[in-house]
């Protein structure tokens, strides 16, 4: 029995559309029943909620639920529309997938859809006194001028419930008590890797609760996308998770190419794969550097950056950019690889293999480091799946979630590589996953670098690209987890809605779970090993 | 010609710098009142100290901050200029390098940090986002240029700028400091409140 | 005191006496003492400042080398020698901010307490034969007592700033220093036991045959290591810099200090490094005493040609380098690890060392 | 007893790992620094990759001709209105109405270096240069006019 048949068994009125991705539309009344059945299915439990995408269709506000099974890796998309535009509400699914807690907040913030039963319905990215919901199609862009007053944050949250007469009402949940010692970590803090702010209540040095406050770098990229042409949208992907610039852009290019029915050449596939892996090494080296620096060891920070500069050199020769590369374009890559590219990559890998032992000697084996990392900030496999903590964080807990392995794209189906898995789920495992992945990436590159076939590096495309109507999506494994592109086209030259699955948002959400009961110093170490990049979260 | 001597930077020619007209204008304005020779040489000494000891408050919000880290790393080594003492507390910093997009939510924080800094203080706007909103200038949540919030001393364009471009901008700032008069008007460029809020 | 003729040659005790007598011949005694006091005070402060500048410069250069970079090299000649003076000049001209909601008096007092503590201990260092500023028969005891004033300054700084980060930093520092004083006290006691005196100059003198670290062999080496770790912790330096912990508490207890107030904390941090090393050198490596081995009279005599002050300073900088090496290698400990290290590892160890040393001394198993 | 031996083992292991760390850092201490010294190396070893995008420039030949026909495709391609092409229409000898470039305005302070303008240009009139030294004191200085004074469009061959 396929997933769709299962859904239709529970909810006969479910409709299936197949323009682009297969999407099952269920009425909002039966969403809860369908969600529960899918989540608790025996053969194919849809236990991983990839993302919830809020939408403003002409028929009303609604959401798309992207589900995946951690057992069979099967995927399904649910669509549901809220009844009333002005008083829109949907049932919350956070009882089955904890990651919904934060994703529903995002949709509330952008679209004003209230989720019944979600314990925390505050704004997430925008100020609490923000007027209107920016991603609605009728939002007035000038309605919120710059407000220089300091923002006061409430110590409680709202939870909505449905009264018997069908109206929605809220009651307040206490977050921080009067007697809690609440320390603000961030938004401008040396080790939050950007402008994350964590309101942390402490009991001595022990953390009793963390409330992440996001949005300090929310740039409204998704709204901007709706008025940009497809080639223009590409430029902004580099600025999401700038340490996975290639991979992000790869995902969007793949998505658009798939919608256009464009097949890029083998040469491009090779180049993209190599670049993705170089980017991964780059990001993981930076991860090592930052983690070590956050833990107070300044010297190893410089080791990581020393090697990272070599990658940046390689990048810059070919792409012209060190951090923001603008390399992938629709139908290929911006320019052919530089003549010295292959030789330099090989030299780099040789060099990296010779120095990586120093990294381990100075940090990994160090008794201070191991005792600070081992057994700290444990996320179990079930927690990781429920929280949607993909990437190294999930793999450290034993959840095999590598998109490259389970939904291969580019050349990942053809190369030989190992999916690095640990089972401890603690900070040390998260650290080791990344360190091992550096070596795996080297291994992948070595298989490809000498065999790049000749071919077109860039297919000619029309100056104005129009995509057919429908929903399209693509996902890649970036340096820190699954990055997804969810695109809805209405046949125009601009996307109707272009949503990115943030890799970091679930990770930040997992911080509270992982940190409780640990020390402040552990907060820094756990945050470091979670390895999130804030601009990617806030978008 | 006095400007040329004053704003000399090691290994760089005067003409290799852009926007020199601004410095010349500044010196003309400052010299209008005239200053004693003794006062002048004390000024020069203090300015030498100040320009060579720019401790920056790290205010990285996005991409440019990573390039700033690269700047501090071994390859580019900020320490050569004595910039490596980055302070995390605004009280101890001399300049604030704004690295990355400033959003509406962040703007009051930036202003507050700027107010918390001890005089004399400088602002360097790095990257397109801080100068004009850059890639995101059409967004509903991005400040189009931090000069709306704080007075900016040097603009370093780029998205993000190369590490060398950072140095070029920092040297520009050093040159600006060198022609200022510490004993007359560098402090209190803006009126400021009497007591500061605590930094928690 | 058999063949230390050259050591006496460098002794400045006679010079001191001569100056004192010369002054007495032209002015009354109270004025002479006042003048001498002023001169010595000035000397300490100048020495203090100069040493701090040298140490900061050294730290910046050394850490640069550990991190495969160059370090300051653009201010004042090729080596960047004038970088730190430029910083000092800058700090002197920075505004000192007064805070709303802070305890003004204590807030302003705290940096002076920290500086005071380090100047007190600094004055006790024996630079050469006859060249010490404070000499008393319980000298080493005084050093321990005076250095504890510093923690008071840190606690006050943290508390009076009225900020949450500073208070966490201060409390961490308090907890840490109180713990590590134990180990320091015990290891110092070990050496006092070996030397048989608490007077710092006499401790140095007692090493004229051989440095304590050789004389006390195994227990002395162990005590030296324990002292270095504990002293490092007490100087609040990495990997024990929890009180500042940039990545956790922005700047720890001195987050709210600006201008010269912050400068005091900054100077004191480096001087404490020097003092810790200086005391370590005095106790274990013979202070200003040249390298002597019993029986090698010729060698000993050659060593004596080098003045004591050079011996002292070079040995101290060697230990300073060792501590920098440690600092720039290890990640920071967590507060519970810091306390575990002290109470579960160092404390028992130093007690054991004390016991062994007692046995050694009683049975004469020292070299 | 096993507890005690574990304690001792922990001791030894810990000290050993610390010593390995110190050995590693000393090894690097003795290596040559990898620092590149800008601005000392400005005219010597400084290498900027040719493809690096630091500033948009308009290509001019020796006779002060550029290739811009003021079609405005670059302006359309730009995602954030960095480029403004000011043109005028004139009548050529045959009496045909033609467009020519007056000012090619470019805001370096807003450019995101996405290369869409260069890709879009049908005549290769613009390209990115390596000149990264652009820091200035005044915001106005970042608004640039790219066509040289008195320049004109190259005649068709």
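Here are some notes:
A, B, C and D are the chain letters, set down in written order, and residue numbers restart from 1 in every chain.
The rule is short, and it goes like this: contacts are C-beta pairs under 8 Å (C-beta built on N, C-alpha and C of every residue); 3 or more make two chains touch, one makes a residue touch a chain.
All values reported here derive from a predicted model rather than from experimental measurement.
Annotation: A-B is the more contact-rich of the chain pairs A-D and A-B, by number of C-beta pairs in contact. The geometric centre of chain A is 28 Å away from that of chain D, both derived from CA atoms.
With each centre defined as the average position of its C-alpha atoms, the distance from chain B to chain C rounds to 37 Å. Averaged Cα coordinates give chain A a centre that lies 50 Å from the centre of chain C. The residues of chain D that reach two or more other chains are 18, 21, 24-25, 28, 33-35, 37, 52, 79, 112-114, listed in rising order. Within chain A, contacts with two or more other chains are made by residues 183-184, 189-190, 235-236, 299, 301-303, 306, 309, 324, 362-363, 366, 368. Listed for chain B are residues 10, 73-75, 77, 80, 88, 135-136, 138, 159, 162, 200, each touching two or more other chains.
If touching chains are joined by edges, the resulting network of the protein chains shown connects every chain directly with every other.
Residue ranges of chain C in contact with chain B, taken from their complex: 60, 64, 67-75, 80, 82-83, 85-91, 93-102, 161-165, 246, 250-251, 254-259, 262.
Those residues of chain A whose C-beta lies close enough to touch chain C in the complex are 181, 183-184, 189-191, 202, 205, 292-299, 301-303, 306, 362-363, 366, 368-369, 371-372, 519-524.
Contact residues on chain B toward chain D in their complex (touch as defined above): 9-12, 16, 18-19, 22-23, 74-77, 80, 128, 131-138, 145, 147, 152-159, 161-165, 167-169, 171-172, 176.
Every residue of chain B that touches chain A in the complex is listed here, in rising order: 58-63, 65-67, 69-70, 73-75, 88, 100-101, 103-109, 111-113, 135-136, 138-143, 148-149, 159-160, 162, 200.
Remark: chain A residues 125-127, 134, 139, 141, 144, 146-151, 183-184, 187-190, 194-195, 215-221, 223-224, 227, 235-236, 239, 242-243, 286, 289, 301-302, 305-306, 308-309, 312, 322-324, 534-535 touch chain B in the complex.
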